[in-house]
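Letters A, B, C and D mark the chains as written, and numbering starts fresh at 1 in each.
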Amino acid sequence: MELGMIGLGRMGGNMARRLLRGGHTVVGFDPDAGARKALADAGGGVADSLPALVAALPAPRAVWLMLPAGRITDDTVDALAGLLAPGDVIIDGGNSHYQDTLRHAQALAGQRIDYVDCGTSGGVWGLAEGYSLMIGGDAAVVARLRPLFATLAPAADAGWGHVGPVGSGHFVKMVHNGIEYGLMQAYAEGFSILQHKREFALDLHQVAQIWRQGSVVRSWLLDLTAEALGKNPTLDGIAPWVADSGEGRWTVAEAIDLDVPAPVIALSLMARLRSRDSASFADRLLAAMRNEFGGHAIKPE
Amino acid sequence: MELGMIGLGRMGGNMARRLLRGGHTVVGFDPDAGARKALADAGGGVADSLPALVAALPAPRAVWLMLPAGRITDDTVDALAGLLAPGDVIIDGGNSHYQDTLRHAQALAGQRIDYVDCGTSGGVWGLAEGYSLMIGGDAAVVARLRPLFATLAPAADAGWGHVGPVGSGHFVKMVHNGIEYGLMQAYAEGFSILQHKREFALDLHQVAQIWRQGSVVRSWLLDLTAEALGKNPTLDGIAPWVADSGEGRWTVAEAIDLDVPAPVIALSLMARLRSRDSASFADRLLAAMRNEFGGHAIKPE
Amino acid sequence: MELGMIGLGRMGGNMARRLLRGGHTVVGFDPDAGARKALADAGGGVADSLPALVAALPAPRAVWLMLPAGRITDDTVDALAGLLAPGDVIIDGGNSHYQDTLRHAQALAGQRIDYVDCGTSGGVWGLAEGYSLMIGGDAAVVARLRPLFATLAPAADAGWGHVGPVGSGHFVKMVHNGIEYGLMQAYAEGFSILQHKREFALDLHQVAQIWRQGSVVRSWLLDLTAEALGKNPTLDGIAPWVADSGEGRWTVAEAIDLDVPAPVIALSLMARLRSRDSASFADRLLAAMRNEFGGHAIKPE
Amino acid sequence: MELGMIGLGRMGGNMARRLLRGGHTVVGFDPDAGARKALADAGGGVADSLPALVAALPAPRAVWLMLPAGRITDDTVDALAGLLAPGDVIIDGGNSHYQDTLRHAQALAGQRIDYVDCGTSGGVWGLAEGYSLMIGGDAAVVARLRPLFATLAPAADAGWGHVGPVGSGHFVKMVHNGIEYGLMQAYAEGFSILQHKREFALDLHQVAQIWRQGSVVRSWLLDLTAEALGKNPTLDGIAPWVADSGEGRWTVAEAIDLDVPAPVIALSLMARLRSRDSASFADRLLAAMRNEFGGHAIKPE
C-alpha cells in the first residue's frame, strides 16, 4: 500500500522502515530535516510540508500520525482536515487520549474523512520484532488497511487486532500502559528487596537470567531487566528519577471513573511521582508533626 | 502510692513529675545523672542502681518501666526478676511488642511477680494534659494501681482503661500508633496538594486554623500541624526524612497475620521508608527499564 | 443580613436555621414543599420559585446555593443569571468542583454578578456547633458577607476564612474531604485489626473512649466512631458498603495533575470502590490465573 | 543420579517424572498410596516409609523434599536427621521460609548432613517445560547435584543457578512470588478496567492474544490469562476469592525489615485478603462513621 507517515522520530521512523521492508510505499514528513533524510536513505519518499505529503499520495489517501499526544496531534489533525478529501483516512498510531480521538473522529465525520486509532506497543524493539497493534475504527476501513497492520505486527495474523469502534484502540493501549507501570514496579520492588539483602550477596543479573526460563515471572520486561542488569549490575550513574508519559495517569483516572479499584496501577504511578520530588513537602510536614507531638528531632536540610 | 520509675527520659521524666504533682511518691532510676538530678529537683527520690531502687521501695513494690522497647527493656526485666519478690508488680509503660510482653509476663509468673502493660500516648504534651493509657493485665492488680493511672490520665475516670489480659495494652497501643501513621500521612498528603496549587497561593497555616473549628477533619494532630505551620509556614530547613519507631511495622505485620487488609497503614509506613532512601534502587531500575524498552533518556546521578 | 437560601435539605435547611437564630433574615427556596414548610416553621420566609425568591430580596442581593454539585447547581446558576442584577452575589456553599466554580464565576463576571465559593464542613452537627467555612472570592465581596460567615462558623472569628480567589474555597474543601477519606480509613483499619484479635476480646467502644482523651489520635472523627460503637458495638446490620460523594475522586485526580503522590487518599477511595463491588472481576481473574499456573482450586460462585 | 523424592503431590510427582525421563533413578515416598502408585507406574521406585526410602538409597544419599512449608517439612527434616549419615544431603525444593531453612541447615551441620534449598517455580507446566530453580547451599554440594538441576530446569545451562549460601535459594524464591503477586494484580486491574468499559464491548480474550505478540506487557502470566479468558471469557462460576500461600506475606515482612518500600507487593497481598473478607469490619465502620457525621444512609446487611 501507499502511506503517508507524519512524525519520523524513534517510533514513526522505525515503523516507516518496517513498512518499506515489507514492500509498502511510504512518503514521510517531519519538521526535522535529519529525520526526513534518514527515511530517504532507507528508501522512503519525503515531503517537506503537510500539503506536499498529501499531494504526493494517491486517493483514497492513508495518513499515519506518529506524534506526541496532545497539541501537536490536535494541530496536525486540524491541518489535515483542510487538506484531505472524502474517503481518505487518518490513522493515529500515537498515544492520544481516547477521548481526544473520539473528538477528532467526530469532527472529521462531517467531511467523510475516516479516523482509525491504533494503539502501538513495542518501543525501540518494534522495528526488528514487530509492533503490537490495538485498533479501533470502522470495520471496513480497518479491513482496507490490513496490509499495513500485517506488516507492522510481529506476524501477519498475530499481535494485532481490530478491538472495537473508534477510540477503543487508544483505550486498550492506555490500559496496556497502566498494566506496564504495575509490572515494572513489581519487578523493581522485588529486585530492590534482593539488593538490600546484603548477607546473601546476590547477583541480580544471575537471578534475572534464572527467572527468564521456566519461572512464573518470566516476561519480556524481565528480559530487558536482565539486559540492563547485565550491562550495569549496580545501576551506577542512574538517578532514581522516573518519568511518566501520561497513559498511567489516564488509566488511574479512568479506573476511578468506572468505579474500578486499581491500587497497584495507582501506586506505581505515585512511586514515579515521588521519585521526582526529592524535597517532598508531605515528608517534611510529617517530620514537623513528629517534632510537635513527640519532640522527635528533625533532620536539617 | 509509692512507685519506682525506671527510665527518666522525655516520657518517663515527665510522667514521674505528673505523679509527684498528684501527690505520689516516686523514686527514679536512670543511668544518666542529669536525668536523675532533674527528678530530684522536682521533688522525687532517686536511686543510682536498680538494686538501690528496689531497696528504696516498700513491699509490695510497683516498678514502672519507661524504656526503649527491645533489648534495654528485656535486660531490665531480667535484672528485676532477680531483685523483686512475690507480690511485686512491674508495669511496662513503653512501646514493647506485645509478644515480648507476653513472654516477660510468663517468665515472671513462676516467681509470682505480676506484670502489667500500659500503652502510653500523649508525647511531650502528656505532662500538662495527661496521658492516654491502655492497660493490660490481671484485673485485681490493675485495680490496685488505679491511683497511678488516675493521676497520669487526663482525668481520674477518662483517658485510661483496663482493656484486657496482659499484652492487650501494648497491642492496643501498637494499633493506635498504626492509626497515627495513617492520620499523619492523610494530612501530609492533603497539605502537600494545597501547597502545590500555586495559582491559589494558599496560606497553609490559615487553612489549618480554619479546619480546627467545626470541620470534619479537626483533631489534635491538626492542632499540632497548625502549630508547626504557624512557626514555619514553608517548613524551611526541615529535611523530607521521616523516622519510624517500630509500632507501625508491627501493626502491618499483625494486620497481615490476622488477614486484615490495612492498605493505608501499610502505605503510610512505606512512605516513611521511601523518605529515607534518597537513592532508591527500585526507582533506578525503573529508569533503566524505560531506557531498555523505549530508549527513554536516563537522568544521570 | 438578608439572604436567599436555595436548597433546604439536610445542609441548607440547618444553615438557614442557624442564620435565623443569629438574627439574619432568610428567604428559602426548595422544590420540596415539606422543606419549605420546615423553614417557615422555623421563622424563615419562603419562596415557591427562583423568580419569587429573587423578587423577595433587597438589592444588592445575596443568594446562597446549597445544592448537589453538578447539573442541579449548573442549572440553578444559569437560571439565576437571568434573574439577578449587577452587584448581586451568588455564594455556592455546596461541594462543586472548583473548576465548575471558576467557569460559573467567569460566566457571571460579564454581568457584574459576583461569585463566591464557600466550602462547608460540619455535617449534621453544624447546626449546633457551627460550620467550618473555606471561602474563595473577591476580598471586598467576602468582607461584605462577613456577618453571614461569622454566624455560620463556630465562632465569629474562628472556623472560617477567606482563603484566596474564587475557586480556592471549593479547592480547599475538596482537599479537606480527601484528607477525611484518609483519616476515616486509618481508623477503620485500626479498629478492624483490634476486632480481629479475638484472643484479647477487646471492647472497641471502650478503646475509642480511652483514646478520646490525651491520645495522639484524638479527633472529632474518633468521637463519632466512639458514638457509633457505643450504639452498635458489633456494627450488626450495617453492610460493608461505603458510598463516596465525588470530592475524594477529584482530590486524587488533582494530586496526580499536580504531580503530588497521595497514596493514602487514593487507596482510601479505592477501598470504597472495592466495598461496592462484591463480584470483583479482578479477583475472579486472579483466581483463574492461579488455577492456570498452579492448578489451584477455584472457589465456585 | 539416584534420588529420594519425599512428597509426590502435584509438584513432587511431576518433578520425579521429569527426572525419570531424564535418566535418573528416583525412589519416592508419599503417605498417599495413590501418589506412590502413580510414580511406580511412571517407572520410579517407591518406599512406604521414610526409613525404607533412606535404606533404598546408596550413600552418599540425596533426598529431595517437596512438601508444604512449615510443620510437615520441619517434622520430615527432624525424622531424616535420625536416619541419614554424614555426607548425605537434603534438598528442600518447597516453599519453606528461608529462616526455617537456615535453622534446619544449622541443626544438621553438627551431623555433617548437607542442606541445600532450591526455590522451585513453574507450577503444573514444569513437567513439560522445565522448572526455574534458585539454589542456595555449599558450592561443592550444589556442583555434585548438578545433573539433577540440569534435568529439572528448562535447559541444562539455563533456568537454574546457585545463587548463594544456604537460605538464599528460598529467599530468592520468596521474592519471586512477591513479584508474581504484583504482576498478577497489575493484569487483573487492567483487564477489570477493560471489562467495565461497556461502551467498547471489548473482547478480553482477543486483547490478551494481541498483547502476547510484540507488546511491552507480554509474559507467561499473560499467556495463561489469555488461556483462561479463552476458556471462560466472562469468568462465569468463578468466585472473587483469591488464596495466598505465604510467600507474599513473607516478602512484605522482609521488605519492611530491610526498610525497602514495596507498595505494589503489599497492596497485591492486601487485595487478596480483602477478596476473602466479604463482611469487612472496616467497611462497615466507614459506613457507620458516614452516618454519624453526615446522616448518610447505611445500607442494611
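We adopt the following convention: a residue touches a chain if its C-beta (ideal position, glycine included) is under 8 Å from a C-beta of that chain, and two chains touch if they have at least 3 such contacts.
Everything numeric in this text was worked out from a predicted model, so none of it was measured.
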item	value
Maximum centroid distance from chain A, chain identifier (CA atoms)	B
Fitted rotation between chain A and its twin chain D in degrees, CA, nearest 5	180
Self-contact between copies chain A and chain C, residue sets same or different by half	same
Euclidean distance of C-alpha centroids - chain A vs chain D, Å	33
Centroid spacing, where centroids are CA-atom means, of chain B and chain D in whole angstrom	39
Approximate Å spacing (C-alpha centroids) for the pair chain A, chain B	48
Residues of chain B engaged with two or more neighbouring chains	123, 185, 187, 189, 192, 196, 216, 220-221, 259-263, 267, 270-271, 274, 280, 282, 293
Touching residues on chain C, where the partner in the complex is chain D	10, 123-125, 184-185, 187-189, 191-192, 195-196, 220-221, 224-225, 227-229, 232, 235-243, 263, 267, 271-272, 274-275, 278-296, 298-301
Contact set on chain B toward chain C in their complex	121-123, 126, 129-134, 136, 153-155, 158-161, 163-165, 167-168, 171-172, 175-183, 185-187, 189-190, 192-194, 196-197, 200-203, 206-207, 209-222, 251, 254-255, 258-265, 267-268, 270-271
Contact footprint of chain A on chain C as seen in their complex	216, 249, 252-253, 256-257, 259-263, 266-267, 269-271, 273-274, 276-277, 280, 282, 293
